[in-house]
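Please find the structures below.
In the two complexes below, chain A is the common chain; its partner is chain B in one and chain C in the other.
Now for the complex of A and B:
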């Protein structure tokens, strides 16, 4: 049974390993995956712990439905205190690792301590070993994975690894599995590096008994039909996530040159359709592949066509790499985007944060805040492709003054650079924004301001707000499973009703993250994809657990609230530019200059934004300072946390 | 089996709202549905004049690949100038406060 999967506590300092069952009572309150990880972090992380300290617990998990008969149930989640933000660290990735972890008998690993020498965990069929990783240290992410398979003599081993960036404690180092599946955000690779933990390898042959197998398969056929018939997924299966980049660039919603512009003009060379045309690696009519149990296949494959890395194979680029190595640094070359994507994948470094940090430095350079002395002679102007790629390597290996400074993340770097550099940094809670520009989309602006892990599009973004859907369609989506009678607007430049949409999406995304299902299989980019009414069936048939849609909603609320409680304990305050639910002043002060006629001239209205934030707090049951009311904690059963039940 | 299976969920019921063979204009104030000729490489929005390059995922599923830059840039530049002259572009602060 999925419910039989265990939790293991691994202390790298002492070598102690303790394995426990996960009580059903905890499952019913937090499900699994990200939600249960948040419970564990709140209960096991000492208040104010240094993220680099051995006491910072690193939590790795597979969602509740991983490796069952539910489609796209492949998600791994990793959580710890973030070395980038000092708040909640949380990252989610696809691929094949999570199913292997589940087949090996585990859903959650809690890793504390610090190994005396480079080490890795080998999780297999109910047991865990701590093995020597001295020979792996220094290797790239793919080299590490292949070396583990060779050392252990099993090509079916799936590993979650760090690259040189994690070893060098780059505060936005990621964890990787496969060629490009990345747990990119909030620096979880840095936490692994601080623990001398190079990898977690998994191999399992333990069956997962399905509660009602025939019904589970039958229902999943319906689920698959719903997924594959969606236009958005047919497009993703052809072009991958970059299709969003093309559409967004069209109307002027793309962060360009560190927020100076909102559109990268004449970017035809890096449009996904062109990348498809030049890709030579292919397994079908297009160059796409997919994660475990997924029918969408949104992951592109390619070989770099030219330049010093010509011929190297990689996967992607995702939307974020088109932003990181295209629009943000003002580069329009496919070779540069494909090479930048390859480098961060191999180094194990968050593409989004890397591109944002370099683009921020480019603006500082053009403004005279950074000089050629600071860059060791590098001409760090926008549009300099070679300088961009050089900086990727300098950050990974902390080469030169600027490479070392940027590797520490935006807020510490701004303090070291001084001269008002912080004002140019497009971040929330210390994490850079996605390469999108939210000045014309108040709902999306509220989403990034309030996301629990810092500026982020995968925590509460009502992306379908951009589709101009009729109000009756919006009511059907946002009025289920909890009735909602307030305003809803089809107009994405409006402020009315957006707080509820963000609140709804926050709970929707938490639920899929608990279940271990990919967001492309829910109401993220497509309005007709499964959500609260569909999941209880998948949960029941696969695990035997019974929930109503309303109960699932409440669980998601509870999980979101415990993340909020963690952030509050670590210093979140409403209007703090470094740790709060607010935006850089440029959102309010600098209007959009490019794009569609209606977008030009738009910026976020501060007063309306604050009103929207107040409404959002009310829906969540928070007071005006963003702290949970006593009645809210009682309603969600969180008034006695930390309860230390697991 | 205690689960109610026959009833469609809200998400499933919305499948009937899908449209094929059309794209939406990417101009936020317009968002009109445009029906290009099958296989067409370009399409112009009859309402607002924005012009787009097209990509066909399959014969019934066109997507906007990108703008026709010269056409849309001209519209954007004209709009910017009009809004600026009318004082509707508030604040031009750049970077530092």
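Now for the complex of A and C:
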């Protein structure tokens, strides 16, 4: 049974390992995955703990429905206090690690302490060993995974690893599994590096009993048919996430040259269709791959077609890499995007944060805030592909003054550089934004301002707001499972009703993150995909647990609230530019220079934004300062946290 | 007795490596998620992006059948499959040793050998594989399909050669 998967507490300092069952009462309140991780973080992270200290708990989990008949139930979640933001550290990834962890008998690992020497965990069939990783230190992410298989003599082992960036304590180092599945955001790889933990290897042959197997099988078939019949997923399955690129660039929704423009010109080389041609030429006609159990298969395979890394195999690039190594630094070469993507995957470094940091430095260089002395002679102008790739390596290995400074993340780097550098940094809560430009889309602006892990598109983005769906369709989606009678607008430039959409999406994404299901299988990019009405069935057939859609919604609200409580405890305040629910002044002060008529000239209206934020707080049950009201905590059963039940 | 000419056809180039077939196989047969119980397994070379599904070929002259010392394995012509009679099987694993494809497995939890039974004519791996890397087709059709694919390659190559010649 999924419900009999265990939690393990591993202390790397002492070597102590304690294994416990997860009580059903906790499951019913926090389900699993991200939600239960948040409960564990709130309960196990000491207030104000230094993210690099042994006391910062690293929590690794598989969602409740991982490896069951709930399409694409493949997600791993990782949490700790973030060394990048000083707030909630949280990252979610696909691949094959989470199912292996579940087959090995575990859903949650809480790792504290610091190993005396490089180490890794081997989790297999109900047991956990701490093994020596001295020979793995310094290896890239894939080298590490293959070396672990070699050392343990088992090709089926799946590992979650860090690369050199995590070892070098780059504050936005990621955790990786497979070729390119990355838990990219908030520097969880840095936390592993600080613990001398190179990897967690998993191998399992333990049954996960399905509560109602034949019903689960039939449900899964219908679930998959619903998911794969959506045009958006058929397109993803052909072109991968880059398919979003062409339309958003044409429209004017891309953060270009840091934040100077909102459209990248002369970018034919990195259009999704051209990337698809490269994949076809270097791999073959069937070059799409996917995560465990997923029929969307949104990930392309490729070999770098030219340049110093020609012939190297990798996967992607995702939409994010097109921003990180394309729009943001103002580069337009497929070779650069594919190479940049390969380098960060091998180094174990968040593509999004890396590209953003370098693009920010490029604007500082062009503005004269950084000099050639600061860059050790590197001509760090926008559009300099070689300089971009050189900086990726300098950050990973903390080479040169600037490489070392940028590796510490945006806010510490801005403090070291001074001269107003912070004003140019497109961040929220200390984390850089995706290469999307939200000035023409108030709903998306509210999303990045309030996302629990800092500027982010995967926590509450109502992406379908861009589709101009008829109001009755919006009413159907956003009025379930909780009735909503307020305004809803099909117009993406409107402010009315957007706060509810962001609140709704926040609960929707939390629900799938608890279950371990991919966001492409819910209302993210498609309007016809599974939802609160469907997940209770998936839970029931697979685990036997019964929830109503409304109950599931309340669980999601509860999990979001405990993330909020964690952030508040660590210093979140409403209007703090570095730790608050607000945006860089450029969103309000600099209108979009390019794009379609409904984009050009747009910026966020500060007054309307504040009103929208007030509404959002009201829906969440927060006061004007963004703190939960006593009645809200009571309603969600959080008034006694930390309750230390697990 | 009617004879089924249908067989599993595997087109490994189409496989995305998602392993859904392994999941549904184990759920269908044993009511659990556990790839160790799956009759079909995806062999992977991740560093090159190569994924190859492996399952029983239902051989006409099956080594497992020949090697079985107690005649527990037989060819069921009605269903077009090689099957195990568990009442006769002594669990000696000779069949596991002699199968050239590794398609006969041994389940260490139940202490039994097991293999693909084509789900009695409705193979779930086929039903769930949206990219058709695994399909269930008449044996006679397989070579025809392969002939056509190979012929297409020849035709494309011929056209390319003609274009090159014309350009000279």
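Just so it is clear, the second predicted complex is superposed on the first by the 639 of 646 C-alpha atoms of A that agree within 3 Å, B and C clash if a C-alpha of one lies under 4 Å from a C-alpha of the other, contacts with A are read in each partner's own complex, and residues count from 1 in each chain.
In the analysis below, contacts are C-beta pairs under 8 Å (C-beta built on N, C-alpha and C of every residue); 3 or more make two chains touch, one makes a residue touch a chain.
Just so you know, these numbers come straight off a predicted model, no measurement behind them.
Trainee: Sharing chain A, do chain B and chain C clash or fit in the superposition?
Mentor: Pair status: fit.
Trainee: In the overlay, answer first, second, both or neither for which of chain B and chain C A:226 touches.
Mentor: first
Trainee: Could you tell me if A:301 is touching chain B, chain C, both of them or neither one (first, second, both, neither)?
Mentor: Second partner only.
Trainee: Using C-alpha centres in the superposed arrangement, which angle lies between chain B and chain C as seen from chain A, in steps of 10 degrees?
Mentor: Here the answer is 90 degrees.
Trainee: With both complexes superposed on chain A, which partner does A:591 reach: first (chain B), second (chain C), both or neither?
Mentor: Only chain B; A:591 stays clear of chain C.
Trainee: Pick one for A:440: touches chain B only (first), chain C only (second), both, or neither.
Mentor: First partner only, chain B.
Trainee: Classify the contacts of A:217 with the two partner chains as first (chain B alone), second (chain C alone), both, or neither.
Mentor: Second partner only.
Trainee: If you stack the two complexes on chain A, which partner ends up touching A:50: first (chain B), second (chain C), both, or neither?
Mentor: Once the two structures are laid over each other on A, A:50 reaches no partner at all.
Trainee: So if I take every C-alpha atom in chain B and every one in chain C after superposing, what is the smallest distance between them in Å?
Mentor: 14
Trainee: Hey, which residues of chain C end up touching chain A in the complex?
Mentor: 13-14, 16-20, 23-24, 27-28, 30-37, 44, 46-49, 51, 108-109, 124, 127-128, 130-131
Trainee: So in the complex, which bits of chain A are touching chain C?
Mentor: Touch list, chain A to chain C: 67-69, 96, 99, 102-103, 142, 146, 155, 178-179, 205-210, 213, 216-217, 220-221, 224, 228, 283-295, 297, 301, 313, 315.
Trainee: Which residues of chain B touch chain A once you look at their complex with the stated criterion?
Mentor: These residues of chain B touch chain A: 1-3, 5, 9-15, 17-18, 20, 24, 26-29, 31, 48, 50, 52, 55, 57-58, 61, 63-67, 69, 72-73, 75-76, 79-80, 83-84, 88-97.
Trainee: So in the complex, which bits of chain A are touching chain B?
Mentor: 212, 215, 219, 226, 229-231, 234-235, 238-239, 243, 246-247, 249-252, 260, 265-268, 271, 273, 363, 367, 420, 423-424, 440, 467-468, 473, 476-477, 480, 491-493, 523, 527-531, 533-534, 536-537, 540-541, 546, 585-586, 588-591, 593-601, 603
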